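A short write-up of the structure that comes next.
Order of writing sets the labels: A, B, C, D, E and F. Residues in every chain begin at 1.
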């Protein structure tokens, strides 16, 4: 543990060993605690595209409904996608979408939670990213220029490194 | 086909049916052609983080090496992640990373190709996103504020809708 | 091919070899044609449960919206779930739900299509089953006695064996 | 927790939030206990089909052998298939098949167990369903009219809601 | 293509680009042909272990039955496991087991086939390996010293490079 | 438990029930302890092939870099590949490669760790096997005769059966 800690202090990348080779870092001796993370991804589009999403027929919001489920399911696939991520037992995932007509953007906000030996930042970031990519997919026939920005960790709590809040 | 075309002209979302419900749109009668897509994702980080990545020990570049493989493998998982995406037979994937010290960013550039009835835009966007998320994962212990921006389609060719190049 | 045909005539199980052992039967020489299948699964529940589903808040129908996406995504996973199924390139999936208040049931109807060397019956059956299981999951806290019945092929067309319609 | 409990009392769907949107409900504060579930699926077929299954060559029972393994492996995939299911650490899965010549049916019976914060009902139901679908797949060349009925929870124990036994 | 060919003649690794970086090599312009591969893996064990496998109760051969299905299902997962492998449409998989009491070994023999732009060698090797690993898993409680040897390509045919047969 | 123990003493296969049928054995009452496993796979090749791997351009070692990541990711897929394996929470994976020019071999060495109710032997064996298969894949265009040997457990510790070290 202390070797690990000193690595961190010296600002080294923990997923690389002393020879610079990738590894899944050992978390066996870390404590099981409740850990939460919130991440976002902002998808920017043409005004007409946003209108189409918001007025998509009888079952209004099916683009966002599909993106919500895609995000939740992607959170569970994080360990398969990100090579050095530990497989963990997620205990909660929620997706929220904030529409901003002024900037013509939708913000996908993912909140993930676990009770495990490592955090759920990557799960939240993956959920937000895949939700935004799903919006892209469902609208790409009308607007190929959509762009995803600001994929970032908003907040995390729990675990040795404590609470982080993006300024 | 003509119904489909008129939907497109009327700027409707093809992945929703006439009642606004999600579906995997029918591509049975589309032509098999070679289709290529290029997408990018730009990860912005602290200068120290970029230095750590570029100087990561003997086997230099293992962060980017891991991100490259993560991106290539993610391209193959696109159909599992994006609900309405068709499973397609990808024929090529390449990942390239461009480091810009001035802006302290790394651009992940994914090129995908297929010979199928639908395009590989989502595969390229997924590859670029997951590569960028992998860089985040490998460096998050030293820099939680990294942000992924400009996840976008750079270019696509092949298929009925022809060539698209981002301005 | 003729050995295969005679097996079929003698009413043998094609997924078992002459010694009765499982195998993924060879379809290399079958023709590529458009093949369609429709399958259903009927979930029976208490009247109160059906009411809850139909009145589930502002974004009405989110239970069925989630089940729709689960069904579509499950169709793509068929080859991973059913051991002797060939991985095929699905070209379309649609899910439809029919609510019958009199019998207090919801029928999940899956339509799948491909342009390949083998049919999509298993894909349709898997989509309908998983959609029904998803409804069960989302309502099980209030009604554990829900039952799924009549999981069956409704229709299929294309391929050597021609069209089948359930009477 | 008490909000959760009151929702349950008011017979609300826990996988939907107060706005009716899908979410993976938070189980972080639920207790880890041993939880068991038993589920079944009954596949009905023509008498000749049943005979073929029971007499399938030297390695008798290979249809059921394949269905058994498909069911066990599917239990492990439940979290990937059912959108709002939590990924859990299954500690045991058993599949049993009961042949009834009078009704010309095979009942697939799945027993699953875990030591986790939530139950394994969905795992048992998924295992039973996929086992039945596998029987369908292996026999469909000779009998397309097979039907799966009575997919239901037989019993569950462990967890806050206690023991449930189907009457 | 000719650049590709000259690389091969100069004995370069096609899955690395000119800078030595991994990529999924472009097969878009290769011809679709029937391609077959046969691979093997030999698992060596104590005599008592072999006896246990061969006499495993009423449903004799269930260890091998399980290994057979594991091998067939693993062939379909090759593209997910081997980073630079193309996802391909396998058209047939067969597993055969040869027991040799003299050497106290079981040889797992996998035959795979496709009609695609690239071969199925990796699929056959993966199927044979996973079948052997499954035998290890099912017997490890009684014999931890089992060893898998001679994982190799026995034969392949189809495609530009023609037929290969191991001497 | 005692029944289980007596099975073991009588040298029975725990993954088969009393009727010889496959099951995922019940580990609910086993203790959570730290468990470690080390496994290896040795890939033998032509001398020229080894040279190509060791001199693969600027980013030296990209074949081994790719194999390392493939092995680590495969460890996480063990429960999906090996039918009777329990899904477990891996807490660490490391891959090491030892090059021996004299024998013209590369040994892939996988170390896996968990804090769970069952061991990680299969995870280590799967990681070593898939790493070796990845080396095969990346070099097969120049050397189809490569052979993987000595896939075996080197060491394991933790759990009821204690420490095992291969002689």
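Keep in mind that, in the parts below, a residue touches a chain if its C-beta (ideal position, glycine included) is under 8 Å from a C-beta of that chain, and two chains touch if they have at least 3 such contacts.
Since we're looking at a predicted model, the values are computed, not measured.
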item	value
Partner chains that chain B and chain F have in common	A, E
Which of B-E and A-C has more C-beta contact pairs	B-E
Interface residue overlap between copies chain B and chain C, same or different (over half shared)	different
Chain A and chain E: spacing of chain centres that average the CA atoms, whole Å	36
Chain E-chain F separation of Cα centroids, rounded to whole Å	16
Mean-CA-position distance for chain F and chain A (Å)	31
Junction residues of chain E, two or more chains touched	21-22, 59-60, 62, 65-66, 69-70, 73, 77, 80, 83-84, 89
Pairs of chains satisfying the touch condition	A-B, A-C, A-D, A-F, B-C, B-E, B-F, C-D, C-E, D-E, D-F, E-F
Footprint of chain D on chain A - complex, ascending	34, 65, 68-69, 72-73, 75-77, 89-95, 113-115
Partner chain F, residues of chain A touching it in the complex	17, 21-28, 79-80, 83-84, 86-89, 116-117
Chain D residues touching chain E - in the complex, by the definition given at the top	59-62, 65-66, 69-70, 73
Complex contact set, residues of chain B against chain A	8, 11-16, 18-22, 41, 48, 52-53, 56-60, 62-63, 65-66, 69-70, 73-74, 77, 80-85, 121-122, 125-126, 129-130, 132-134, 136-142, 144-153, 156, 164, 166
